[in-house]
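Paired with chain B in one complex and with chain C in the other, chain A is shared by the two complexes that follow.
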Partner chain A sequence: MNTQMIFFIILALIAIVCAVLIMALERISHRVVSMAFSFFAVAGLYFLLGAEFIGIIQVMVYVGAITILFVFGMMMTEHRNVGFGPDPRKGQQILGFLGAATLLGVLLYGIFSMDLPTEQPYVGTVEAIGLELYGHYFIAFLGSGFLLTSALIGAVVIARKEVE
Partner chain B sequence: MDYLIMVIYAVTVMGVLLGGVTFAILAERKVIGAIQLRPGPNRHGPWGLFQTIADVMKLLMKEDVIPAKADKPIFVLAPVLAFAPAFSVMAVLVYSSSIGGADINIGVIYFLGVSSITMLGVLMGGWSSNNKYALLGSIRGVAQMVSYELPLILSIIGIIILVGSLNITDIVNYQAEMGMWFIVPQFLAFVVYMISSIAELNRSPFDLPEAESELVAGFFTEYSGFRFAFFMLAEYTYAIAIAALATTLFLGGWLGPAFLPGIVWFLLKVCAVMFIWFWLTATLPRARVDQLMNFGWKVLIPLALLNIVVTAVIKVWMG
Partner chain C sequence: MVPISLFLSLAAILFCIGLYGVLTRRHLVIVLASIELMLNSVNINLVAFSAIGPFANISGQVFTLFVITVAAAEAAVGLAILIALYRNRNSIDVIKHDLLRW
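Here is the complex of A and B:
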């Protein structure tokens, strides 16, 4: 077992345990923190795979931005008296289990039928990503930019109406 | 063996950093004292050199108070969450042509991405204390850090356009080839970087998150003893890291006349940048919240964008 494997197991364990804790913990603030750690472990996995840029974007967007967004959502809403006790109906439990099992099956099928390159440790560069993004996928990139801008403007318009 | 060297490097940086933070705090108090025509701390040791050590000893020996209504695990975790990213950004800093951390090809983005997690520590600390001043301080702090992170990052993009690389060693080597530091061709970016880094660090005149005249102490109101010391350590570690990044990007890193080794030049430049911050702390009154936000969004971000456009045009024009 080489060092990379050890690091992989540690990071994977952190990611999975924290993902389970998001479901299992009682208070929403604890859930948000365990979510941040789960995201962070996933970023570590990207680093381990040599995808440094994706890894750091994961840290920037998910740990830095999405978690902050969740914390703000938590602070702005009533949360102290709201518990997340174990109270789903029988039917919901069965449906949830079926859904999760199907998803797991599909994912496992996809992963095992995938043709993964085993040799050559490849380190992704920002240049390559930039050339792809602004070359081949330029229209899609611009389109998503427009979409996000319109979402931002829409949010501002809705928020302003509520103030008035 | 590689991993052993990494661990030794990290521990060494940690040790040097603790010493650096100790004397940075002393230097701040001495500089502010000198500007306000008073001697500053001078009771402990010659010239007050052991003042911070005495302060830290006092903080470590204090009772560790956790408020009864606080959210305990988060309350305990918050100082660590504030300090860990501030220390982990040190992993990519390069101190001289031979001494440095990880040589990854996205050094600058790593620095900016990891440093954005400090916000989480501030927010968690303020929220979990269950105190209105702490909550207000942390909301202010995060609003300010989110707003000023944008000009901070945008001001660096000009340099990245010129160099064509995100690697910290490449950036310094480019300055050596060009024969001048980036502070000259990127002066506007330097000004934007310095101002937004003050806000990012919650230092005076933008220290609204811990404005003692209105919020007691801001997000760490409820913290005492060594957890408080940890927050201070995180703040100064982050300050040193940001000063080191400014040195690398704008002041030519370890470049300098050959009579001193590179690392000495590097540390001298870091001290110079820190001195500018201390100087501003002693001179300027605190800004208001609305002034701060207006200034960030309506002045600094447009200036940083203008710098990017001009730099890109010049880069294409010069070929």
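Here is the complex of A and C:
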């Protein structure tokens, strides 16, 4: 049991427990905070894998931006009521749980029956990411720029108040 | 070094928790949060294969950047739709929004 394994177990436990708490907690604000902690643990896993740039981006975009966005969305809608009353689709809940559990079982069976060779870890530097991003994936990079612009304009247009 | 199957199983567990949330939760904000959780688990897979996979190279991290971009755009547009929906129908219960239901 080396140091990396211990860190992996701690971070994985935080990620899974916080992900379960998103489903289990009562208040919406607590759920959003739990989501932020789950993302933070995943960022720690990226650092563990030697992908520092992706880890920093994860902290900036997910923990910083998306969580704040969710807090805004929560504040602008109804966040005071805790439940919506009795659920009329009890059977669907059980079906959903069974479906997710079956998928998890199939995935875990596939993962552990797979024979992957263990190699020396590859450490990707930021320079390599930049060269690849502006080399092979330049068109996709431009496309993601267009996507972000259109998403920004679309969000503003959809969320503003209609003026008579 | 942590074996890659542990990373893959962690990602599978997170994905299935997110899938369960999307299928069963009634609060629309929580449904969107579950979608973010699923996208995040895909990112774990990509970065794990990029670092300790059989053909480890940098492409996985570049793809992760694109996935994060799409996730940010999706969260922005999704929450904007959520706010417009709440303004018009005064509820964010998933069950109440069934206008397009067959």
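As a convention for this text, the second predicted complex is superposed on the first by the 132 of 164 C-alpha atoms of A that agree within 3 Å, B and C clash if a C-alpha of one lies under 4 Å from a C-alpha of the other, contacts with A are read in each partner's own complex, and residues count from 1 in each chain.
Rule of thumb we're sticking to: a residue touches a chain if its C-beta (ideal position, glycine included) is under 8 Å from a C-beta of that chain, and two chains touch if they have at least 3 such contacts.
Remember, predicted model here, so these are calculated numbers, not experimental data.
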{"item": "Fit or clash - chain C, chain B, common chain A", "value": "fit"}
{"item": "Partner chain in contact with A:Val33 - chain B first, chain C second, else both or neither", "value": "first"}
{"item": "Touched partner set for A:Lys90, first chain B, second chain C, both or neither", "value": "neither"}
{"item": "Touching partner for A:Phe8 - first (chain B), second (chain C), both, neither", "value": "second"}
{"item": "Superposed model, chain A: greater residue contact from chain B or chain C", "value": "C"}
{"item": "Partner chain(s) touched by A:Met75 [first = chain B, second = chain C, both, neither]", "value": "first"}
{"item": "Chain B versus chain C as contact partner of A:Ile57, first or second or both or neither", "value": "both"}
{"item": "Nearest Cα pair across chain B and chain C, whole Å", "value": "14"}
{"item": "Residues of chain A at both interfaces, chain B in one complex, chain C in the other", "value": "53, 57, 65, 72, 74, 123"}
{"item": "Partner chain A, residues of chain C touching it in the complex", "value": "1-10, 12-21, 23-30, 32-34, 36-37, 40, 43-44, 47-48, 50-54, 56-59, 61-62, 64-66, 68-77, 79-84, 86-87, 91-93, 95"}
{"item": "Complex contacts: residues of chain A adjacent to chain B", "value": "3, 27, 29-30, 33, 36, 52-53, 56-57, 59-60, 63-65, 67-68, 71-72, 74-75, 123, 125-126"}
{"item": "Partner chain C, residues of chain A touching it in the complex", "value": "4-5, 8, 12, 15-16, 19-20, 22-23, 28, 31-32, 35, 38-39, 42, 45-46, 48-51, 53-54, 57-58, 61-62, 65-66, 69-70, 72-74, 76-78, 84, 87-89, 92-93, 95-97, 99-101, 103-104, 107-108, 111-112, 114, 116-119, 121-124, 128-129, 132-133, 137, 140, 144, 147-148, 151-152, 154-156, 158-159, 161"}
{"item": "In the complex, chain B residues that touch chain A", "value": "3, 71, 73-74, 77, 104-106, 109-110, 112-114, 116-117, 119-120, 123-124, 127-128, 135, 139, 142, 146, 166"}
